[in-house]
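Shared between the two complexes below is chain A, which pairs with chain B and chain C, respectively.
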Partner chain A sequence: MAPLKSLEPDYPIIDSNFQQFCASHHIFSVEDFLLHDIYALELSTKQHFDSKRLEEGISVVRTIMEGLHQPWLNGMELLQKAQGNKHGISTGYERIDVLLEGGLFQGNLVELVGPSSSGKTQLCLKVAANVAVNNLGSVTFFDTGNSFSPKRIDKLLDQSSEPAKIKTEEVRRRVMDKIVCQSVFDIYVLFDLLHQLKSTLKPVTGSSVQMLIVDSISSLVTPILGSGAHGHALMVSLGFLLKELAYEHNLSVLVTNHMVGAEGGHLKPALGESWKNVPDMRLHVSRDCKSNICSMSILRHPYITAGKAVMFSLK
Partner chain B sequence: MEVSRLPVSASTRGKLISAGYTSFSSLSNFSPSELAIAVKIPEKEADEILKLATHDGKSDNTKGTQAVVSGGQTAWDMLKEDEGLRCITTSCAALDKILGGGINCKEVTEIGGVPGIGKTQLGIQLAINVQIPHEHGGLAAKAIYIDTEGSFMVERVLQIAAACLSEYYELPRRGSNANQPNRQPQDLLENIYYFRVCSYTEQIAAINYLGKFIKEHKEVKIVIVDSITFHFRQDFENMALRTRLLSELALKLMKVANEFKLAVVLLNQVTTKYSEGSVHLTLALGDSWSHASTNRIILHWNANERYAYIDKSPTLQSSSAPYAVTGKGIRDSVSDHKRAKLM
Partner chain C sequence: MESSSGVRKWIEADESAKELLSRVLIQLFLPPPLHNFPFRLGNVVEIVGPSPSAKTHILMQAAIRCILPKEWKGVHHGGLDHAVMFIDLDCRFDILHFSRLLEHQITIAEGLKFSEEIDRDSLGGYVKNLTSMCLRRFFYVRCYESLQFLATLKTMHTKIQEQKENHGVGIHMLIIDSIGAFYWTDRALSSLTLGDTNRKGLSLQAVSDTVVEELRKLLQLHPMVILTTKTVNLQGRCLKHEIKSVPRNMSSRDATFFRATRSKPENNPYREYMPSVWQNFVTHRVLIRPSDDENQRPPIFSSEWLLPLLNRTDRFTFGDNVILTVP
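Let's look at the complex of A and B:
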């Protein structure tokens, strides 16, 4: 929040008199108002000669604050909102759709975690190809490791359910135009892009979905994590920004994370304990050595038991 | 808080927040000098902060046209663009086949193996092969070789260059004019830019400088780092710092590969890993480094023959191919029958 003096042009009641009164109570910005006891402040205005104006000023600041918080929702409204998103986005792998009881849903942040070369990027590409070819909507792909491969998307389109439909170049072009890829190598650039997305997203019409895939988010966060608290704060605010995009703008967000060594020689997901609770769903992917069979298990899900696993094969 | 995502120093950020400026809108009505006085920072810094904040505000207001985010490309455009990119051959047909033509541009390829398997030889071969002229399917480009171990032997490079030239001069060239002067191996050496780094800070500095260097030398199409591990393995006290530096290095190399559409080849060493009672070899620098490359190739021995195995790739199947290191460089391996006789 800005210091009080910058509110003066829009709200003339917050004049220098009011600001001086607030300053005498150590209040310099709207945030300080939130921390102060408003009743005590109102009582202290009675002792001033100008008490009516000061009280008006306080109520104006109160209305500013009330305009800034999220609206309260009751359980029925939440249920209606959830039921509106009944249809899951198919991932392209039948067994995974069965495991996730429908596939990926809008409004959720899903994290794919797994060791190197376990199939995370392939899954992301397959989901993107699926959304594009079945005309479910559009996909925005943020790629941090130059692993987005249009050639692979082309091959995956051939493997889709109705390859005859997309034989002509014109149709294929329209399908592939639905996937937009942007290379990101810096967390600050990612923040800018996400804010751009927030302001330019038009509200979804009908059943069209918007997918956002970030592959991989851990390579952007690892360079800043550990050097003081700021890196940590950035990581958590990135997580919240993605959740906000998912929930408020009805996107389906998919991110990938890698694994690091833990005690006892096991592997654990990177980015630490604070990131653990940020995604709504965490899925662990692993691949048997030198084969195309992968296995996916649920690490965290709002309503499906953790530990359920399924095998699928990458073609 | 929006201000926390500005790329400024921690102390400046702290001063901004304690003065009450936590969002970009609160900064919008100020001129640099007013902001400098209010927050007690030098005017130049205030100017930079305002530029960043207003740029963000402007991009918030632009209406998205075709791409939802500026700078994004559709998959179709990328496909068409990639069709025009050539691969860099490794001079070994079997290896080229499993790589889908050779080392791809715009990707970071990591090649690792035990000492003596031929990593430096492969690096040198690629530095020469990138200069193959267009008529023979090459890129006719230059190479950057960053040497951290000191294993770049110029005599060997000359030998490989001579072999490469003699092979390509034997092939009939389409539309060639007989008056073209013969190229000498020394000419090929001129097109390799060589950097020798002796510590990890020099290595980081060299990679930071790459962007600027390549802008001035646009013909460079491959960057080889031999090896990326050497200075990070010994005596690094702070492992967390090492992870941070390596991830940052990886991002910078990815950016260079993407921006200038060139190939980046990183040579890595191996280490032993103990898991579930068994010991096996993996590439050095840990689990977090394994995500720093787009492709990964592991070189290993298999019954007296050298094999290359594709460990990680977004487009290629996992497969392996044999190769040999000869006097002329990297070539296809001859059949076992013949090898036994030579031995």
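Let's look at the complex of A and C:
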């Protein structure tokens, strides 16, 4: 909540006189303006001797407010923006790509839900390897459970469709350079890192893809989700921050979540009802015990009906 | 004399009754499941339901009905010919799906098959041109937090006026999806205390008060229909196992009251969480929920009007991406 004083250098009309006028109405920052009746404020300027200047100040604040929200776009502009992202990012598993009609898309927040050792981390690593090896772009991997291992990525690169591409050490190093991994054990650290990412992201040039993977987000959120509204508030704001990164900065964001017991002996996704609405896409993964055959079904998708499922092999 | 012409002008009519009614009595007939009432400008309709239900899809269909023209190049489309503004608080709107639904709605127009002007070759061109014309009437913005939402509302008046001047098509529908999106983040803000007690702190109550205030002012300047959605958790079925367990330290009188309120899900199908200032602002409310049979494909939903209270439930489903009522 920056005070009005800080706006003075950029907008000289917000001088000490204007600030005093606002202070008399208990307005000290732009956010306070958002909670106030601006029309009533404009009327009250008439009682002052320099009402014209105060009115000008208020209209300058109005233009500042226009900069506080995303710009309005019409349907055609939205469509053109979305059609730029039409090609999906292949997950590395053909059957999943078919199920999702192309794979993962930029601008979306996708959640992978499944019980432990159902193949979620394997899937994340495979997608990361795929993006790196096919020169699609860079991957930022936030690892909360020490499940990321360069050796596993190396093995996946060996199994990739064109091993000839990565014969030389140098090429392999370049591919591995594209994946940046960071261990995160605390939700506040994650918030910091995401804000840093937001401020350092440059507009994406050409068809370069940027992928963000958080494995797993539930292990960061569950400890703070106890009683009280704060836990839920943190979880929901984390969700919105991820969505903002995905949509406004054109990332493809993938997060994983575990499952908890529900009534009737079933399992349901963790993080509760308030998180249910946050991801654009929710995919359920489960594995037949002792085999490498997994099944993925759609829990939520913008247009594909929920329940569609597909089996795939982890190998 | 000058004064007599002034008096004459004062007595003369400004507009005929027909003009007055056509200006004031604009009624919007929306597709099912909102087809039970004609909505007038100034109505605030809230679509309530658990997640996932078809709420966003219903909004999309309503928006499509609004942006389509009544008739274009001789083909009747039955739209309302207005512009729509969509404030996305859930941030899950998919424009590709929306444009596909719009194209589908255009191609199923009755007269298209029999029109002589539009032969097969230029059918694609017809659809493309009409789609882009309609999409230009659809205005969209995303808000990731309450402050952005408030800033959007406060600057909407200038945006609407600018729109009217540039395009000439009036805006008669405002869609907000969904109004309860920032409930948890705003609730947690209440605990932030500010030194000056006269200063309005950012809290759920303050945000809701300001939102309702701004919407009311907007409705006075630009009459329109407001459609919003709200995600709720349904009670009743889910809480059956909770009825037996009454908290131990409740007195016996409270315990019987507790059991009574819990075991009557029909009175309160869901727990209302928005502040009463918002609840009183809403003029129409409909509850959408999935039907009991969860494994049915395509899924069937039921709609029930809570405000005004209609004692009946309609059922609907998706057929070919269009919402159809099921008997």
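Here is the rule we use: the second predicted complex is superposed on the first by the 290 of 315 C-alpha atoms of A that agree within 3 Å, B and C clash if a C-alpha of one lies under 4 Å from a C-alpha of the other, contacts with A are read in each partner's own complex, and residues count from 1 in each chain.
Just so it is clear, a residue touches a chain if its C-beta (ideal position, glycine included) is under 8 Å from a C-beta of that chain, and two chains touch if they have at least 3 such contacts.
Model, not experiment: these values are computed from the prediction.
Enquirer: Please indicate which partner A:37 is in contact with in the superposed arrangement: first for chain B, second for chain C, both, or neither.
Expert: second
Enquirer: For the three-chain arrangement built by superposition, which of chain B and chain C touches the greater number of chain A residues?
Expert: Partner with more touched residues of chain A: B.
Enquirer: Of the partners chain B and chain C, which touch A:233 in the superposed model: first, second, both, neither?
Expert: In the superposed model, A:233 contacts both chain B and chain C.
Enquirer: For A:274, select first, second, both or neither according to whether it touches chain B, chain C, the two together, or no partner.
Expert: second
Enquirer: For A:28, using the defined touch cut-off, is the partner it touches chain B, chain C, both, or neither? Pick first, second, both or neither.
Expert: Both partners.
Enquirer: Name the contact category of A:84: first (chain B only), second (chain C only), both, or neither.
Expert: neither
Enquirer: Check whether A:152 is in contact with chain B, with chain C, with both or with neither, and answer first, second, both or neither.
Expert: first
Enquirer: Name the residues of chain A shared by its contacts with chain B and its contacts with chain C.
Expert: 28, 31, 230, 233-234, 237
Enquirer: Show which residues of chain A lie in contact with chain C when the two form their complex.
Expert: Where chain A meets chain C, its residues are 26-28, 31-32, 34-39, 62, 65-66, 68-76, 78-79, 81-83, 86, 229-230, 232-237, 240-241, 243-244, 247, 263, 273-274, 276-277, 280, 300, 302-303, 305-307.
Enquirer: Hey, which residues of chain C end up touching chain A in the complex?
Expert: Per the stated touch rule, the residues are 51-52, 85, 90-92, 94-100, 132, 134-145, 147-152, 154-155, 158-159, 178, 181-182, 184-185, 187-189, 191, 196, 198-200, 202, 206-207, 210, 213, 217, 231, 233, 238, 241, 295, 297-299.
Enquirer: Which part of chain A faces chain B closely enough to touch in the complex?
Expert: 1-3, 6, 28-29, 31, 115-117, 121-122, 125, 128, 132, 138, 140, 144-154, 172-173, 176-183, 185-186, 188, 191-193, 195-197, 199-201, 216, 218-220, 222-228, 230, 233-234, 237, 258-261, 265, 267, 270, 290
Enquirer: State the interface residues of chain B toward chain A in the complex, per the touch definition above.
Expert: These residues of chain B touch chain A: 1, 4-7, 10, 13, 19-23, 25-26, 29, 56, 59-64, 67-76, 78-79, 82, 106-108, 240-241, 243-244, 247-248, 250-252, 254-255, 257-258, 274-276, 286-288, 290-294, 296, 311-312, 314-315, 318.
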